[in-house]
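Consider the two complexes below, in which chain A is the common component and chain B and chain C are the respective partners.
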Partner chain A sequence: MATLEQPLKIKPLPVRKAHARRTREDYLRFLPWLFLSPALAIYSIVVVYPMVYSAYLSLFRWDGISPAKVFVGLQNYVTLFTQNEVFWIALKNNAIWLVAALLLPTSLGLGLALLLNLKFRGSAVFRSIFYFPAVLSVAVVGLIWTWIYHPDLGLLNQSLSAMGLKGLTRNWLSDPRIAVYPVIIAATWNAVGLPMLLFLAGLQTVPMDLLEAAKIDGAGPIRRFIHVTFPLLRETTLIVLAITAINALKAYDIVYAMTNGGPANSTQLLSTWMYFLTYNYNTVGQGTAIAVILFSLTLIFAIPYIRLMTRKT
Partner chain B sequence: MSQALEKNVYLPGKSAKVALFYAALALAAVIWFAPVITLVLTALKDAGDFAVNGAFSLPKSIRWSNFTEAWDTGVKNYFWNSVIVTGFKVPVGIILESLAAFALTHMRFKRADRVFTYILIGLIVPIQMTLVPLTLLMNALNLIDTLTGLTLLYIGFGVPFGVLVMRGFFRTIPTAIIEAARIDGASYLRIFFRIALPLALPAVVSLCILDGVATWNEFILAQIFLRSDELRTLPLGLVQFSTQFSTQYDQLAAAVLISVVPIVLVFLFFQRYFVSGMGGAVK
Partner chain C sequence: MKLPYLRLLLPAATFIAMACCVSTGTAQNAAKPPIPSGNVTFSLWTIAGQPFQVMIDDFQKTYPNLKVKWTKYSTDEMKQAVRVASAAGKMSDTWFNWGGSLAAPYEDGGHALELTSQLIALYGVDKNIVPAALDLARHNGKLYGIPIWVRPMTIFYKKSIFDKYGLTAPQTFDELEKVCQALKSKGIIPVACGGKFSWMTMRTTDFFVEHFAGPEMHDKLFALEASYNSPEVIKAFAKLKEWVTKGYFNDGFISLDPAQALPLLQQDKAAMIFQGPWIEDQNIIASHEDPSNYVPIIAPADQKPVRVSGFQEQLQFWTKAKPDEQKAALLFASFITTPEIAKRHIADFGSPSSVVGVLPPENRPIASQMAKWLQGGVGLYLPTDQALPQELVNAFFQAQDSLVLGTLTPEAACAQIQKAVEEYKSAHK
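The block that comes next holds the complex of A and B.
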């Protein structure tokens, strides 16, 4: 009997153990989701779901109010490309803006970073001065620059007059042929800080002995930059280019604050024109179609960026 | 390179070169800072002085009342609305983002990479892509024209950047520390609050500052989802202020300056965190 009892006593134990281990494993597998769920839930509801739903809405003709949505396929996109002149102005302005953003803030940021990475007395003060515009609200930047460009009282025209260049003065923001450029300059003033900061961070990773070795080999500062520093900044450069491109396509506030798309729609961007079509003209289908086009353009720059960010795992 | 140039700059006999270097840099800095200087000068002078002498001249007499008048005309409301929204958004956001980032780095979790990629998409989505459905959603939830609704949106849109920064920092915490605590029987939640979060304090501070500044400055969501004047946040209120009082440059400049003061203070006191925060986002 004793021999029979023993296995009976032992048997249930391993069963209970296995069961306990399974629930514990289930729990451990479930736990990360518990940690993730608050962030994932609000992010999915506020960002991801609306994004998908926008793409769906772009296939309908809808005024945003009436319950009736009419499915029109790709008609909204066709209308934009063939019958909407302002769409083309906006697309062109986005292209100009993008090129300017890839050239100006990036090169200025790199130049300033190289300069301010030198250890001289007061370099921290200069860093603060050049970075400062980046912490301002873009809407505030727009307001400040609207005064700078004021035809009579603005700093720009007054400075030009004072330097004897009165011929160059003009009503910067009221001339449809050029109005987009002053806005881009204002945006650049705000956009230089970030690349500067990223390049400064990147420069800290360039090993000093490499530069010393190049110097001993007789390489001057320019050759040291081209052959040593810049190749080592390759990854930083890629990130800077991607971020500035993505930010350039996101531009909205500054145009709204400075020109509100005018004069004569000459400073519309896809982002501002989307707002007009959706909220002023109640053509929600076309508005969301513009949003989808804008997002697709962003993806061109964003996919390499996301690859870069996730690859390091 | 910096050492080499440092030597150059301080070599005796090259003082002319040093002076030239500083002069050029100072000139560039003044041109770069001219818009801010103009703003400050405009805010300090009265409208008549501005109309006669323009923006870039020293004020004849300092007129502090510009600030009190701007404050009473509505900036007070905008300011406190911004304080409320930022004050709620930043701490709540950071807790959610850190919990998520911790799960992605220090818990055994097979799909971490995929979830992280899913979250990163949010960094690149143009806000326009979400506006129409968000309007419908906020309408259905009766959250249009409320600071609560706006704060919820800010928390949602803040998730990608916050997770990116916190994940970058959590990855530098050695797994051995977490494992040791596990073996000692600590739960993950306890490890998170007692070990990971305190170790990540520099990242938390960086994120607070970057996030605080971004929230303080946000414009487009506030523009779409706040309708009544008394609920406007600062950037939105200022743009509105500028269309209403387009000729009163002195008061407008004072209003803008008031909105900038908290940012300047944060910037001056926590400057180094801007660099480390951005560094965390990239690494």
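The block that comes next holds the complex of A and C.
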């Protein structure tokens, strides 16, 4: 009879069976990777490889055309930070752009969404009208606003003159001290549609009974918004902020269309300056170094956004 | 540093020879270029607005087994596409390009096919193309493309405005300034300019440098053999600033799109513009206006030899193209620069043509006038953005625009360019 002191005699499993189970487990573990592999392969080729190759190119002095690339280590980064004045202008403009993008399209989008969420006749038409700028190509938006800001023939200066405010007329895109702001306004006009749409979608998820309960408790529209609606829009707001921030760092075409980075490079962004250095001025190494810096900055906003989206999923 | 393609003096004899001495018969005597057998499709990349369709149709009709796969880009997309393709090792069989420093990297990098004397003779390049255009196209004494057009750039004035105010076309630099003063006093913008991309302002800057520094020094500046700190260049930059201060350009011109400058003349708000012959078809005739109301004059630099800004436009060929595609591409370029073909399509294909004996049609007064200048011995100097290495073009643009905006003095602007030149020279020893 076995006692507690006596060791338990455990009959080992047959080796063949354990091996079979491991193989099956291994198979199941790798199965998702198998299904993912076509997408991963495509992603690696069209996204990962170009990114890594760009980072690699940032370590060379190269005109982008000749077969010879000269390895210079981190010299391109040093040059950007110590000698390239336009890089700092672009970095500053990116910061201004980012702050403006987080404030203007987000708050305007929320305001419009709150208004358009009200039940009134023709609300669908107004939703379309306010979303309309977002469906225009940025090149068209740039063209429209370039004409609006035209110093002699533009709507803005002519309207100001007609209202007796000639003193306020400006060469809006020609003054390097202010030129970036008119471009931001044009970009805001184009960008406000997406936050508006996301907030509108978010507002549909706010339970009516909560709002009605708050109303019965005597809360006015502003208190209902502050204490009920806005807290329930938290996740939507975070998504809007993350998307807006990423889009702000990616901004390129509106500047290219409206000012081409000028006058005298005063409206350059990192993205436009990267393009100019790479494609116009034969300094691929410095251009790709900016790409790496821009990518790193974008990650600051992209990682929380991706984590949020993943957690939500 | 020596950049042989900057030797741009185009003596009268070459252009007179162009029009008079060379006949289509001479070209026909040359050995016939090889025609690929079997069906061959080759790729052609050009800028969207360029009227290649008429040539492609005729070529494909003449050679039914050869097909052109034509891809069109905007100007900047074109530069980007060719650059990316060269880095990827998969270029178009033939592509449109400018000359000077815009083409040089492809030529030095071994991407653009060198037209050896054998190829030049085989495809009739030496017989069909005016020597001046070939001079503009050569890089280090070698030819890497077949020129199609020659584009002088100069001052145009609107005749109806000049007539209205009793003004005559200026013949000297002083007269030009007096005309500007007179126009300004009448409330007319003397010179319309769209400086958004900096190159339209550059045309005026180049003209001032030509006036103050003279042709020899201007070429030396381009070859980086003279200093931008020299008093002549500083005077040129000071003159640019003076014109800005006096309001000789339209308000806010520095950020205006070049496409928005000509409308100022069309609306009688401005009287002159620094432009090229392409405005005749693309803007004036397209707007149903009379091209004879827009008169090009030789920008009065008061220098000898007489020169205006200008460049050639060419087709280049990929070194590594498959033999049949390369032959077909060369045959296409040779075909469109054959005098009888070029003459047949001159009205549609644009001018001034680089092809010998091919003059613009009568109903193209601007192109005709420019062709006459070239035949009469007016030379061309490359614009700065084609003459200077591209790494330096930004420094030039930045200094020029900063001067216009008042953030740099003429001395500081010139010093900034020269500093960039020194850095470039030291990096490319």
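The rule is simple: the second predicted complex is superposed on the first by the 269 of 313 C-alpha atoms of A that agree within 3 Å, B and C clash if a C-alpha of one lies under 4 Å from a C-alpha of the other, contacts with A are read in each partner's own complex, and residues count from 1 in each chain.
We adopt the following convention: a contact is a pair of C-beta atoms (placed from the backbone, for glycine too) under 8 Å apart; a residue touches a chain by one contact, two chains touch by 3 or more.
These numbers come from a predicted model, not from an experiment.
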item: Clash or fit, chain B versus chain C on superposed chain A; value: clash
item: Contacts of A:V48 with chain B and chain C, given as first, second, both or neither; value: first
item: Partner chain in contact with A:E25 - chain B first, chain C second, else both or neither; value: neither
item: Partner chain(s) touched by A:L194 [first = chain B, second = chain C, both, neither]; value: first
item: First, second, both or neither for A:G64, with chain B first and chain C second; value: both
item: Per-residue contact with chain A, leading partner among chain C and chain B; value: B
item: Which superposed partner A:L118 touches (first chain B, second chain C, both, neither); value: first
item: Chain B versus chain C as contact partner of A:V138, first or second or both or neither; value: first
item: Chain A residues contacted in one complex by chain B, in the other by chain C; value: 64, 146-147, 153, 279
item: Contact footprint of chain C on chain A as seen in their complex; value: 61, 63-67, 86, 146-147, 150-153, 171-176, 179, 259-260, 262-265, 276, 279-283
item: Chain A partner contacts - residues on chain B that touch it in the complex; value: 1-6, 9, 21-22, 25, 29, 32-36, 38-39, 42, 50-51, 54-56, 96-97, 99-100, 102-104, 107-109, 112-113, 115-135, 137, 152-153, 155-157, 159-160, 162-164, 188, 192, 213, 216-220, 223-224, 234-236, 238-239, 242, 249, 252-253, 256, 259-260, 263, 267-268, 271, 274-275, 278-279, 282
item: In the complex, chain C residues that touch chain A; value: 76, 79-80, 83, 86-87, 105-106, 108-111, 195-198, 250-257, 260, 263-264, 267, 269, 389-391, 393-394, 398, 401-402, 404-405, 407, 427
item: Chain A residues touching chain B - in the complex, by the definition given at the top; value: 28, 31-33, 35-36, 38-40, 42-43, 45-51, 53-54, 57, 64, 115, 117-120, 122, 126, 128-133, 135-140, 142-148, 153-155, 158-159, 189, 194, 197-198, 200-201, 208, 211-212, 215, 221, 224-225, 229, 236, 239, 246, 249-250, 252-253, 256-257, 270-271, 274-275, 278-279, 284, 287-288, 290-292, 294-295, 298-299, 302, 305-306, 309-310, 313
